[in-house]
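Shared between the two complexes below is chain A, which pairs with chain B and chain C, respectively.
For the complex of A and B:
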């Protein structure tokens, strides 16, 4: 990170177009909602306008980066570089797909979720993610993390008179409140050590001054609590299965990808930006003198092992995918623990692949819940034999499950290969982590393959016809087909994505 | 030399932080747990203000503590809204009622 070109408030505005557009749209839609009565056609209008807003934000994001210049805006508060632009695009894509899922799902459009505020909150949530991935200041980091968390609490408990949803929201809020409080304490210690909130100043201070090792350890561990909670890493993962099961399925799908991507990006910016020397070759040296990569490596090993072992005994599909997403967070932490340049590339690559395959898997869960009103694994018994549509769903689900396991030729295999490669590039000190990851992949094959077996080789409920497709079904199938194609194509021809990852990895220079 | 130095502030904030963590793990009542969270947040705010006053050259830390107070208020609003909906259901707010979701 060369000495950043710091822009003042007015000059900064043009680098913040997507965020400004999103904020203005939220306010405009809020004002508009006062003048319209709640009704079935109105909610369609609001969903469609939200989808348009997110689409425009994606295009603005692409054009904002067209200049290609990394800038630090608002007196060092935010940093807009290739890394933040690419991760912002992942977050926006997750929101876009969430809106499409929620628009077509009967679970969200049929119940009390038809109110306008649901859409406004999800857009505010997206705004929080956008700020989180580009924040270059501890205050901005904390504020955007809380914007993301607060809106998530409300969205989880949005369904009225639903015990499960309220319970999930309260658990989420209590865990989240403790984690972010502990993180704030850690940030205050870091501020006390270095005397600044700005990443760049902190980095310079730590690389040129000797600081108290024990205090820095405490502050880094406390910060890890906040970010481990956001991506649901051990030992802060306890909220995750409950929240995933309790909230509406489209929102569960969103939670498993969007905030996780933002949390990973924030962790890279924090740890790579502050605690690593920016000179040197492939493996970056640790600055500040504390061995944080080993902490992350241990966290990663425990996260994936616990996620996979707990997933083995689940009977609810949403809970199973929750534990599987915990395990995937563990895999992604490997890239952070490797502290190599390639680690950024690997994490970005894996997040894109994970977005496609995990949202695809959740879309199947949404459709099955709409059709059969079940989200237990037994409800998938003999799915492949329930008419043409059942066969279609079962074969698509098989692709996603095998991709999540990491079996070639699907994209999940390449993603996992990249993560392992980042660990190997680091050198022999982390080989044990690679071994743990490979053993975990084998464990995960068991529970993913069990679902496939249940869908294809069980005739328990054979012959139950698939209900006739209503409006919106074909649209869902089209989205499903696109996601499957992406999963397969990225498994065969991944060079373009790899190039983007290489660009993202340039943010530390 | 000042009588109340930075150590006094740090010790108080450490006591507040420990008390907050202890409260969150020992309370059954959800409001009690939430008071623990407030203690943790306020210990962080106190730390920021103290560091800003005694060691840093700028007021960033004091700004941070104001933001912590604002965010704590926002969090309390969300928490109370959720607690109200639990209270309507069970006529009390005890963490023991949160047992629908488990495997």
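For the complex of A and C:
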């Protein structure tokens, strides 16, 4: 990592347009909401304006991205480079799709979630993700992580007088509190060792000075706790199924992608930025043999195995997808464990693909919940034979599920191929991890295919009416079709996405 | 136009079924008859094109380079970052498989005429399946090969699972899981090859594996991946389940084409990419072949369900292919690939025959039939022909391939071949016994009303029956296709390099 240009506060502002715009919009919408009357037309207005704000933020992000060079702003607090722009775009896309889902879902618009604050909190949550992705300072890292976490706690428990949601929120808060406390301790240890909060200074210190191995090891483990909790990795995953089940489905969808992307990005920045040297294109561990990649590899193996084994026995679709998302976090950790340059490319690629297919799967869950008021897996029995809409939903769901399994020609396969490739590139020390991932793929087929089997192979229970709503769903169907097309196209021709991944990997130069 | 077809013939063969399938989606689902006819028409196109290939295939060319052994080659860059190419072409090994596939698919469409649940979905998946199968046989890029290999899985899973018999769900997921285990092992090897040799191009991978570590491990991973598909003895249990539950046409495709992919894969990949290990493992392969022949035949003899009997007979017949392949003699290899072709035709006939009787009697219990020859004379004639072909009667096609296999194998493995040859006797026993139980003896009253084969059924069986007889008398046209390519592959093995 070369010493980047360090900008002062005023100069920095123009590199922070999306974040500034988002903050201003949040405040403006908050002010507007004071004048809000009780009524459903208002909430539509707020949803639409939030969607517009996010859209503008995406364009601003693209604009600043196109602006060029990597810069470190606010005296080294944030780093804006291709890596952060691309991961920020993933986070913004997740928020955008969340708002679209929530806007069209009867579950959210029909229940007590019609309040304005819900939307504002989501936008604040997004802001937290944006800062997290570009943090280049331990303090900034911690602050943005907390911004992200606190808004998530509130959002989870937002449904009034709902036991499940309240339970989920409390669990989330307790786990989160402990994890972030542990992480703060780890960060302070790191500060104690190196005397700085700035990634670049820490990196320089570690590469030129011998430090206490055990202290560094302890601080790395503690930091892992905070970040493992954010992406729901073993052994910090226990909150995940309850929270996913208790939250409104669109928010579950968002949780499974947005914060995960931000968490992965933060982990890459931290581990690749501090503990790896990359002189002359070669990636080397400078931690002095504390074997943190092995630690992450073990974490990855356990995460995917436990996620998949637990998913086998689920009866609730949201819980199943929660465990499946734990398993996918495990897959993504492979890229981090590989500590190769290609690992960044692989993680970025997988996250994009995962965003598309996982949100697609959740959109199906949302629609099925709206139509049939069920989110148990049994509720999908014979879905394919319930008229044309049922057949459409079941086919789309099949694409997402097989893509999540990692079967060609769907994008999920290419994503998994990238992850395996990154592990193989590290050499024979991590071959075992590839084998674990492969075994997990086979296990995961069993529960994904179980859903497909239920939808297609049984002709369905009697007495379930065909979906009534035809009109008004077209928009959701259009979104579904787009996501499916993306899943298939990225599975067949993915060269453009690979280029972006390569650019993202440039942040370590 | 003819030029365009000539230059892109393999692409057309692979993707016309896919476009047909997509076009089918636009047809209203209630127009069953139109959907059936349209899909039949679509599958005829690859058949016609494969006749064109048969006419223009250069039989003398050998080698594994575009323009020499490989013909009708098309190569376009696909993903530059990984130097993946859309690279298709056929040599003497794959040309017979492509022709087999092109022939079997229209036959299967004819055999699926009586499907009336989810007609559109059924034919959509069937055409998709044809794309996958053709792709596997034509692909010369390892990654492309893998994609097609997997693409084939999904339609098969649905075809068994939706239109299958009572235990369809179990059979479908078992088939899927078994094959997926094999293919993920293959995927690891593909990645390993790519990272050490930096290419997915099969023509470059030929015999370049000698620099690799873990060669034995790679060989076994690939071998097991293909062995599951063949299926060889310890990995075979998915096959009887899948066959019994699958609808007739799907059984036909499964036995006639999908099983061949296993042996094709071993010949194409294990043999050419890791020749030294292949030579070391020759005896193991021969033993696998022997076990399959004897075990499959004995199991077939014990079956009461006619379809299960045919399924086990497939396992037995694929054993000959394995045995012939393991001999590394010209006779053995030619016999093996010819046996692949012949078995494809004979087993297709057998499953169609099972389908005919099942449609009428609604069960397949061999013991409860008897004397059917008087009620269904034409049907009896075709069935006798098919079973005689299966047991290797001289004058019918599989006699030639089995004899070639045994001659080839005997030169290398005296004992194994001698034991395997007893399989011929067991096969004859169960075939004749089955014929006797079904067609001879006293006709049961309740079957006296069974109608003979209708036009559609005759039409689907007739071309296959003709081929059985013609190739039995004059096998030259097919043997001629493969000779030089197999000589080349054999050369790689025996010389340990090109």
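Going forward, the second predicted complex is superposed on the first by the 492 of 509 C-alpha atoms of A that agree within 3 Å, B and C clash if a C-alpha of one lies under 4 Å from a C-alpha of the other, contacts with A are read in each partner's own complex, and residues count from 1 in each chain.
Keep this in mind: a contact is a pair of C-beta atoms (placed from the backbone, for glycine too) under 8 Å apart; a residue touches a chain by one contact, two chains touch by 3 or more.
Note that the structure is a prediction, hence the values are computed from the model and not measured.
Participant: In the superposed model built on chain A, check whether chain B and chain C fit or clash.
Facilitator: The answer is fit.
Participant: Tell me the contact category for A:17 with respect to chain B and chain C: first, second, both or neither.
Facilitator: Neither: A:17 stays clear of chain B and chain C.
Participant: For chain A, which side has the bigger count of touched residues, chain B or chain C?
Facilitator: Ranking chain B and chain C by residues of chain A touched puts B first.
Participant: Contacts for A:493 in the overlay, against chain B (first) and chain C (second): which applies, first, second, both or neither?
Facilitator: Only chain C is touched by A:493; chain B is not.
Participant: Looking at the overlay, does A:241 come into contact with chain B only (first), chain C only (second), both, or neither?
Facilitator: first
Participant: Please indicate which partner A:192 is in contact with in the superposed arrangement: first for chain B, second for chain C, both, or neither.
Facilitator: first
Participant: Quick test of understanding: once the structures are aligned on A, what is the angle at the Cα centre of chain A formed with chain B and chain C, as a multiple of 10 degrees?
Facilitator: Seen from the centre of chain A, the opening angle is 140 degrees.
Participant: Quick check for you: in the superposed arrangement, does A:438 touch first (chain B), second (chain C), both or neither?
Facilitator: It touches chain C, and chain B stays clear.
Participant: Taking the superposition on A as described, I'd like to know which of chain B and chain C A:417 touches: first, second, both or neither.
Facilitator: second
Participant: Using only C-alpha atoms, work out how near chain B sits to chain C after the chain A superposition, in angstrom.
Facilitator: 25
Participant: Going by the contact rule set out above, which residues of chain B touch chain A in the complex?
Facilitator: Against chain A, chain B makes touches at 17, 20-21, 24, 30, 33-34, 36-37, 40-41, 43-45, 47-48, 51-52, 55-58, 60-61, 63-64, 67-68, 71, 74-75, 78-79, 82-83, 85-86, 89, 97-98, 100-103.
Participant: So in the complex, which bits of chain A are touching chain B?
Facilitator: Contacts found on chain A: 138-139, 142-143, 146, 150, 153-154, 157, 160-161, 163-164, 166-171, 173-174, 177-178, 181-182, 184-185, 187-189, 191-192, 195-197, 241-242, 245-246, 313-316, 319.
Participant: Okay, in this complex, where on chain C does chain A touch?
Facilitator: Its residues touching chain A are 78-81, 121, 146-147, 150-151, 153-154, 157-158, 161-162, 168-169, 172-173, 176-177, 180-181, 184-185, 187-188, 191-192, 194-195.
Participant: For chain A, which residues count as touching chain C in their complex?
Facilitator: Against chain C, chain A makes touches at 391, 402, 407-409, 413, 417, 420-421, 424-425, 434-435, 438, 441-442, 445-446, 449-450, 453, 456-458, 493-495, 498-499, 502.
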